[in-house]
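Structures are listed in the sections that come next.
Next come two complexes, and both contain chain A; in the first it sits with chain B, in the second with chain C.
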Partner chain A sequence: MPTLMDRILGLDRRWIFLLVLIAVVLPTLFPIGLPTTTTDSTRRAFDYIESLKPGDVVWLSFDYGPSSAPENDPMAEGLMRQCFVKHVRVIVSALYPLGGLALANNSLARVVAEFPNLKYGEDYVNLGYKDGAAAVMRQLGESIGGAFPTDVNGKPIAEIPMMQGVHDLHQVKLVFTAATGIIGEWWITQVHAQIGTPVIIGPTAVSAPKYFAYLNAGQLVGMLGGMKGAAEYEKLLQVSHPELATLYRSTPHFTGAKGMDAQAVAHALIILFIVVGNFAYIQHRAAARRRS
Partner chain B sequence: MHPPAIGVWVAAFLTIFALSFLYKDNPLFRFTESLFAGVSLGYYVGIVLNQTLMPNLIEPMQQDFGKNWDLVVPGVLGLVLYARYLPRAAWIFRYAITIYVGYYIGLDFTRRIHGEVLPQIARAIVPLNHFDAHTIFYSLLFALGVFSVLIYFFFSKEQDAVTRRIARLGIWFLMVSFGAAFGFTVMGRVALLIGRLNFLIHDWIYPTIGIR
Partner chain C sequence: MNLEFGRVTLFVLFMLIPIVGIALGVRAPALRSRLPLLVAFFAGTIPILAMYIPKNFLSGPQGMSSRLDQWLIIVAGFALLLGIVNVIQNGMRKVSRRESGWPFSVVLLTGLFVTGALGIYGAVSHQGIGFLPDGRSTPFKWIQDSMFLPLQATIFSLLAFFMASAAFRAFRARNLEATILLIAGGLVMAGRVPLLDLLAAPFPALHASAAAGTQTLGKLTEWIMDTPNGAAQSGIIIGAALGAASMAIRVILGIERGYLGLGGGE
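And then the complex of A and B:
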């Protein structure tokens, strides 16, 4: 006769999948509004962008694909909102091949629609996608036009007003990379280390742990780690810019904060699984020892 | 309120097909998997052609060949890569691969040394000129972690009683870092599920039944 612990250890994993699904669906249907605390790495990123002056240029690179959009989209869109509120100009690019450009176009369209006074080519520009990310970054240190001779629509960048005086990354005050995989690492080791341009990274949560080494070594200005980092950043934006607080409260689009209720419930459930699973395993092992 | 567009319906069904693998493998999942791989490849070819090859290679040569004639070299090297599909000329593609690998080794070598190894070593050498308890504690903990993990990965000499204990401590430091990485991984994977379910609920189900 199998004991309760044996049954737990032999539980069909599909029951766990079902419970996780329920744990995510319920807070999505009925938001709880759990509070979000901010971390030092996010505050450092926010404060640095806040210190930029009107007219400064920020480079925003969409280095992720649709699979991590729920984590990275809110970061990139939050950055654009902060820049546009502060009249900081934004250069958008995409170095991730599978969907980076489509996501850049979508996010840019969403955020630009919230700021009707923005002018393409003066307040922001979309340079599109370029293959060979590491080589592109190398080229950007010498000439932006060498890597991106035209914008996403094929217009020569020499004819774009905001690119006058922005010859290479030395004239860019900050690189923000919303990244999955290794491309974010290249911005640090290729651009920051060799050109000196400050870098903030918004990695997926899976990649976040490795970036703490760069953060602690002073190679990153700040970091938004996964969906939690995005939610923290949105909170800081809303506290400092009331107009953005109104916007975030009313937007129908997905934001980092909207996902955090489900994150918290799912995490609590997974912690419960780990505790119960380990308890059952220890009990099972003790029983086996007693029998032998 | 407008009903969801046909693209939303397609995306919703493909999402459900992909998630159906969690119950068990089935033809709908395999169809979605194959479709995704095919569409991804097609998208990649299209985007590289339109966003890289056209503006960086083809158009500059069309507009002013005299000024951009040097682009012929990378263009030919790129084409030569396909020589591997011609049995009698397959050897030619090695020249392109050699240049490609050589370029990236050179690029990566400086990147690794200058951007990774030296700054991380510099960070590991902690100055002890701030003698407050917090700094001393964390600096010592940091140094102990680096040292013990390095000992664990030192395979050139057989471990004795002392180094075995230090390596054991290194394993504990590694376990803590793996635990942190696991926590972040869970957050990342749950975030993907949240994204998909938000799409299904807010972009597909709600508009279909007329909510919001």
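And then the complex of A and C:
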């Protein structure tokens, strides 16, 4: 007759799936509002952007697809909000082929709607998608027009007021890449290392560990690691800019802070699974030893 | 006509030599397989030389290296086209032979043609692939927002379920290494979220202690990520970079020829 431990070890995985579903859906529908602690890498990113002056130019690259949008969208939108509050101009591009431009357009539309005084072509510009990310980055160091001759609407960038005086990445104060996969790394190796433009990265949580090497080497100004990084950044934004605190409290859109509740419960559940699974495994192994 | 040195050199290296080589290769097939080696050699050495030789014809804004970067963007576009052709060929073959899973290929090809056609229509009609002047979405954007984005997000979301199942079944303390990994993983997982605050939520008396515990756990997580993880990642990145550099040298020198698609060493 199977023991309790045997039954735990042989648990039908559909029960696990059901528990995960409950762990994600309930906190999403009924937010708990758990607090967020900030990490050094996020604070460094925030402080650098905070130190920019009105009129400075930031390059925001959407280098991710819909699969990681819940993690990356809040970062990119947070960055745009901080820049627009500080009157820093933003150049938007997308180098990820699977939906990067779609997410850029949607995020831009959401944030621009919150700042009615913004003017396209003066405060921000959307250069759209370009294939061949590493080559595009190298070209941006020589000439932005060489890589993006027109904006997303087909308007020559020479005719866009904001692009006057912004010939290449040397005139850009910061590159922020919200990234999944290797494109984020290329901004460091192709742009920061060769052109010298400071880079902040917003990677998915699963790829964040890799970037600590670049952070430690001083090749990254800062990093927003996964949804937690986005939630930390939102918290810093709300503390420094009360108008954004109001916005974040009332926005119907998804934010990093909203996602953290579900992530906390899901992490707790996975830790519980690991503990129970290992407890059952150790008991099972001890029983097997006793029998032999 | 602008006959600057860099432009003429690029024209000779990447246009005249390949054309002459192809013409000669009609009689000598061995030449045809060696010609790409020559192109790869120059394409690989020019950007390297541009890093060290500050001459305008080589590393200037209109120099050879910069022009090669522009060409690379165009070539990358053709690579995308090659991928599309490959998907169409494979899909058509599956459907025509009624191979296993052929209905999925029908869905794939339908999606490809319909979305592609709407994208091309958006470009030709100048209405674009975003919003129409009246604020409505173009058909391309509707497909993108209503089908592509949620479908791709859904596929990735399934990972959460499989990860939880794998954590329960496979993440075991079988030996010392696995136990260290387990403890480090558990600590990072706990430190990345306000786990203690979550557990203490129903008990107001414990809120302050939970907040302090979360701070401590967060600092421990930061240390794990910064120090042991950062050191290991540096080693991995340096190792991979050295490997990539040696592979690049092999390709430039024509020792590595796998990209020619000839099989074997040739």
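The definition used in the following text is that the second predicted complex is superposed on the first by the 292 of 292 C-alpha atoms of A that agree within 3 Å, B and C clash if a C-alpha of one lies under 4 Å from a C-alpha of the other, contacts with A are read in each partner's own complex, and residues count from 1 in each chain.
By our rule, a residue touches a chain if its C-beta (ideal position, glycine included) is under 8 Å from a C-beta of that chain, and two chains touch if they have at least 3 such contacts.
As the structure is a computational prediction, the values presented were derived from the model and not from experiment.
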First (chain B), second (chain C), both or neither touched by A:Gly78: neither
Which superposed partner A:Gln219 touches (first chain B, second chain C, both, neither): first
First (chain B), second (chain C), both or neither touched by A:Asn105: second
Partner chain in contact with A:Tyr281 - chain B first, chain C second, else both or neither: second
Touched partner set for A:Gly184, first chain B, second chain C, both or neither: neither
Chain B versus chain C as contact partner of A:Arg138, first or second or both or neither: both
Partner chain in contact with A:Gly202 - chain B first, chain C second, else both or neither: neither
Which superposed partner A:Lys228 touches (first chain B, second chain C, both, neither): both
Residues on chain A lying within both footprints (that of chain B and that of chain C): 17, 20-21, 24, 67-70, 97-99, 130-132, 135, 138, 147, 152, 154, 205, 208-209, 213, 216-217, 226, 228, 263, 266-267, 270
Touch list for chain B against partner chain A, complex: 22-23, 40, 43-44, 47-48, 51-52, 55-56, 59-60, 103-104, 107-108, 110-112, 114-116, 119-120, 122-123, 177, 180-181, 184-198, 201-202, 212
In the complex, chain A residues that touch chain B: 14, 17, 20-21, 24-25, 28-29, 67-71, 97-99, 101, 128-132, 134-135, 138, 147-150, 152, 154, 186, 188-190, 192-194, 204-209, 213-214, 216-219, 225-228, 252, 254, 258-259, 262-263, 266-267, 270
Touch list for chain C against partner chain A, complex: 61, 66, 69-70, 72-73, 75-77, 79-80, 126, 128, 130-131, 141, 144-145, 148-150, 152-153, 155-156, 160-161, 163-165, 167-169, 171-173, 182, 186, 189-190, 192-195, 197-199, 201, 211, 214-215, 218, 222, 225-226, 229-230, 233-234, 236-237
Contact footprint of chain C on chain A as seen in their complex: 11, 13, 16-17, 19-21, 24, 32, 34-37, 39-40, 65-70, 97-99, 102-103, 105-106, 109, 130-132, 135-136, 138-139, 142-143, 146-147, 152-154, 205, 208-213, 215-217, 226, 228, 260, 263-271, 273-274, 276-278, 281-282
